[in-house]
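One structure, pasted below without further comment.
Every chain is named by a letter (A, B, C, D, E, F, G and H) in the order it is written, and numbering of its residues begins at 1.
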Amino acid sequence: MSEAKVGIIMGSASDRPVMQAAADLLTQLGVPYEIDIVSAHRTPEKMFNYAQQAHKRGLQVIIAGAGGAAHLPGMVASLTPLPVIGVPIKSSNSIDGWDSLLSIVQMPNGVPVATVAVNAAQNAGILAAQIIATSNPNLLQQLIAFKEELKAKVIKASEEFKK
Amino acid sequence: MSEAKVGIIMGSASDRPVMQAAADLLTQLGVPYEIDIVSAHRTPEKMFNYAQQAHKRGLQVIIAGAGGAAHLPGMVASLTPLPVIGVPIKSSNSIDGWDSLLSIVQMPNGVPVATVAVNAAQNAGILAAQIIATSNPNLLQQLIAFKEELKAKVIKASEEFKK
Amino acid sequence: MSEAKVGIIMGSASDRPVMQAAADLLTQLGVPYEIDIVSAHRTPEKMFNYAQQAHKRGLQVIIAGAGGAAHLPGMVASLTPLPVIGVPIKSSNSIDGWDSLLSIVQMPNGVPVATVAVNAAQNAGILAAQIIATSNPNLLQQLIAFKEELKAKVIKASEEFKK
Amino acid sequence: MSEAKVGIIMGSASDRPVMQAAADLLTQLGVPYEIDIVSAHRTPEKMFNYAQQAHKRGLQVIIAGAGGAAHLPGMVASLTPLPVIGVPIKSSNSIDGWDSLLSIVQMPNGVPVATVAVNAAQNAGILAAQIIATSNPNLLQQLIAFKEELKAKVIKASEEFKK
Amino acid sequence: MSEAKVGIIMGSASDRPVMQAAADLLTQLGVPYEIDIVSAHRTPEKMFNYAQQAHKRGLQVIIAGAGGAAHLPGMVASLTPLPVIGVPIKSSNSIDGWDSLLSIVQMPNGVPVATVAVNAAQNAGILAAQIIATSNPNLLQQLIAFKEELKAKVIKASEEFKK
Amino acid sequence: MSEAKVGIIMGSASDRPVMQAAADLLTQLGVPYEIDIVSAHRTPEKMFNYAQQAHKRGLQVIIAGAGGAAHLPGMVASLTPLPVIGVPIKSSNSIDGWDSLLSIVQMPNGVPVATVAVNAAQNAGILAAQIIATSNPNLLQQLIAFKEELKAKVIKASEEFKK
Amino acid sequence: MSEAKVGIIMGSASDRPVMQAAADLLTQLGVPYEIDIVSAHRTPEKMFNYAQQAHKRGLQVIIAGAGGAAHLPGMVASLTPLPVIGVPIKSSNSIDGWDSLLSIVQMPNGVPVATVAVNAAQNAGILAAQIIATSNPNLLQQLIAFKEELKAKVIKASEEFKK
Amino acid sequence: MSEAKVGIIMGSASDRPVMQAAADLLTQLGVPYEIDIVSAHRTPEKMFNYAQQAHKRGLQVIIAGAGGAAHLPGMVASLTPLPVIGVPIKSSNSIDGWDSLLSIVQMPNGVPVATVAVNAAQNAGILAAQIIATSNPNLLQQLIAFKEELKAKVIKASEEFKK
């Protein structure tokens, strides 16, 4: 799996139901990825190694999901030069997602996290593909086609709707 | 200016004091950019054209800043296959930045906006550079050096601090 | 259906259960309307056309419902001279409706959206009828009667209540 | 002043600095209006009379601004068949405008208030004009021209910006 | 029922499950009350009459419950010299109770509403009894006994707890 | 000052600028009061004694103001059978008054605090007078006159406003 | 049970399902504790005695859980020189835990409460053990081992995850 | 400075004005401390070393202050067996302190942070002293005296207040 371009990590196995949507989207677009549990608070050394090695292993983007006081995306961003996409998760220990969102998006100057909507792992996948597509014209075409499909679905729904 | 890699746009001239930090950071890293006012609500046709032409003109990333009911980043994202970075602005008509933040980050499935912290235009610039660096090893090295500088400043501050 | 006075649009078929109440109210008051799916983020061109053509096609009011980062009402308002009524929807991807509400109501100077309560599509229908009634005395009488019915229901509930 | 089409009311003289923008906009568009202080909590009888007489006196729209526990727009809406536009005011006794906004927008079924952004009295004026324009083609043309002016200002700002 | 000392009113029959607790508490303490539906927005004239007549009919305290943009307690307070107790109700059209709470508690100078916790109708009943007890020594003794019972229950729960 | 009917207490001398308005209002209405600093957290024994002795000393109502994690009103309410009015104070250590408000209003079943708006000490004074007036017809007349004065001021402001 | 080092208290028997996790954790680490119901609002005298006697009885840390306007942790902290850990509880009468959290954490200068996450009683237990371990090297070793176990679980979950 | 019992760290030199109060309090109580800048995001390796070495160097408590997406307290807590006290700082890049507070307090199971109020560094100092006092009877006596001083100040303020 060393050819992975995107690393998807999450703080806990319980985040999988949300985060799987990122993996599915990348599969759909043919972007190779790897997926793992890396906990900022329970396995800080693993997180350190993961973040520091990521660009050396050929990863181009990291997607990190976490809930509550969600430190994983920001800490990984502090340790890698790669763009990091953060997915706030509305986990059982979260106050309606507010803590997850603010802990991820409100990063200080120098260390951005590209934050998507609460639980929006699919969008994290799309964003990762968009980033890779900046140097991959084929993938860019796929993304353009993906947008067309979204449009077609809405057009079709509109037609059924009016019946 | 057709060689610009990053397009920085904002809804109003009054957003310039915040958004300039994105431009300054890109200048510092030597990433060519363009900067303009594009209002989703006052110049919707210009926004449409800007977003639809961006990838054809060679832009690789768009940074869009807006305040209040901030629709510019999300609407641009709906019209371009490029990654769009959103900067929520705490403008005078904003409720402490909450409306700007939520209007930008809470995008529906299919159309992500890579949201940074409220007023964090510098971080938007860094993120844009990180995205471009996924296919530009020199820029990646610059980003690694940038992180080292941040570290060095904190170390120096720490030394002065302890005196 | 070209005689429609009110255009009801929503971002997704999943918004129908909420938005139908606007249509039902207009049916009850005999105000002709049309209803469709128009997504700001997935069918931006259709939204553009819809908004720009609305007053030329004889529509007098547009009701637009959306959830999360809800850009549909505001973008339509930017493209039409007609009054636009916005319905914030507490959809599954919304943070308790806060994002929908703020994304719709906090519009910048020059481009108002007449915002009603979260999920209050019936009220959007009433407001549309009130707007049309400003030049339709019969409809105004119907609205006065509608208010009397509301009152009568509460009076009746009060009587049953005291038993 | 019996020819007024729009009634602008506010809870306190201290709301004038915010609410004047509605009057100025209507003056600019040539829409006749009247303006007064009507307090839901301090002059409830006057409010009752104002709201119940408004449509009989020829008013077509009411704009009501209030802060804190802002009951004026909703109470007026309960007493008139006319469309009521609510302006939440971030007054000194308000919690950052949240109380004003929620007290105005979250009206129950049957009694809508067309709510605009916090302190957005100009937008209330535009919305009132849009409502009257549904039966006034000249005013509609003025509103279309108004939108063009907004656009022209942004285009001009953009040009100066790029210099 | 003309001997009622406390008037309990609510905006809708659907508020009864919450508001009944106020009535039950007053029954328990032997304080005569009356209970009715009075809607600020649907029966404003009835509300006016109710509030203006209350002290003339011998009522000493009014308890008013409402949800969403909850105007009933404040409007009644504007029309009566009696103390008014407001119960914010977390109704289906409320944003988690925030709108109800802020619409009731944030009253302007001159017109207080004695606000209790969201859905805390029992506490509204206790507060009404405390107010009446300021001139009723027997009722004061009952309230002292009521507090002792609360204490006794907790002490007993503590004993069972430790087993 | 043993004839005081209302006890005004606050957690800190720094709360005086806000709380003085309660005293001024009571002075205006001729209701005897006493005023003191009683800190729940720094002088808990004094608070205990104050609350437990209040009704024995002839007080009929207690007004308690506090900011941040504001425990004074609720703790006093737990120790006295008298009605307790809570004034949330937006002190320097408060998060915009949210903490003060919620700490005071969200009391559990059995122990109500009659909460007024943030910083609304004048309203606390009025409410205290209303409570005492339930057994004092003269004071009731004064309160009716007070309301008339409020009304007259608004009417006068309205007249000046229209000039 | 007089050898208890940690006192766990809560405002109501209904808080037990949350608070038991603190007890379980201390049992696991072999730290002796006692557990009881002590209500700030219903048994204030018991709370006073408990807090004032705690350090004399040999307790070293107090864990206090409460919901809504949660005064127990702060009031106990005002009465004891011991460190007090506060657990905000998302009880049925709480607004999503916001009131509990703010009532506990926002304590004034001089009287800290060591606040953990909403419902995080297990973490309160760990924190209590960490405090005791500052003078108990064996317990410190156990805590180090506890952290290693957490890590091992995540590592194992990661391995199963990748299969 | 190897005898320090408390380590005070903060993310940036700009946090010093807030955090100094912790140091001052410890100086007042005679508790040896050290103070430094350790940034989770800019000097992650230094943070790692600091946290992992702290208990080996003889520190007994760590106080960590940070603003915005405040990861320093939680990350340090993940790396040390010592109790960690978190101070949310309302820095210029914070949304009124909400992000700082939630990022620090909402830690997941297994890794508590003892959170104090926003900007409450003095309380962090007191809490640190309370923790150390669990095995230091002299310090416990000092803390009891400290509480008495607080009380005396309030009593004195009360006396001046009544004049």
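Things worth noting here:
Here is the rule we use: a residue touches a chain if its C-beta (ideal position, glycine included) is under 8 Å from a C-beta of that chain, and two chains touch if they have at least 3 such contacts.
Quick caveat, the model's predicted, so the values are computed rather than measured.
Each step here moves to a touching chain, and the least such steps from chain E to chain H number 2.
Between F-G and the choices A-H, F-H or A-C, the pair with more than half the same contact pairs by residue number is A-H. Once the centre of each chain is set as its mean CA position, chain C and chain F turn out to be 43 Å apart. Measuring from the averaged C-alpha position of chain C to that of chain D gives a distance of 18 Å.
Remark: chain C and chain G have CA centroids separated by 49 Å (rounded to whole angstrom). Per-chain CA centroids place chain B at a distance of 35 Å from chain H.
Contact of a single residue of chain F with at least two other chains is seen at positions 12, 42, 68-69, 93, 95-96, 98, 101, 105-111, 113, 117-118, 120, 147, 150. Chains that are in contact with each other form these pairs: A-B, A-C, A-G, A-H, B-C, B-D, B-H, C-D, C-E, D-E, D-F, E-F, E-G, F-G, F-H, G-H.
Residue ranges on chain F touching chain G, taken from their complex, read 11-12, 40-42, 44, 48, 67-69, 71, 74-75, 77-79, 93-95, 98-99, 102-111, 113. On the side of chain H, the complex with chain G involves touching residues 55, 60-61, 81-83, 85, 101, 105-118, 120, 122-124, 126-127, 130-135, 140, 143-144, 146-147, 150. Against chain C, in their complex, chain A makes its touches with residues 96-98, 101, 117-120, 147, 150-151, 153-155, 157-158, 160-162.
Here chain D touches chain F in the complex through residues 12-13, 16, 35-39, 42-43, 46, 68-69, 93, 95-96, going by the rule given at the top.
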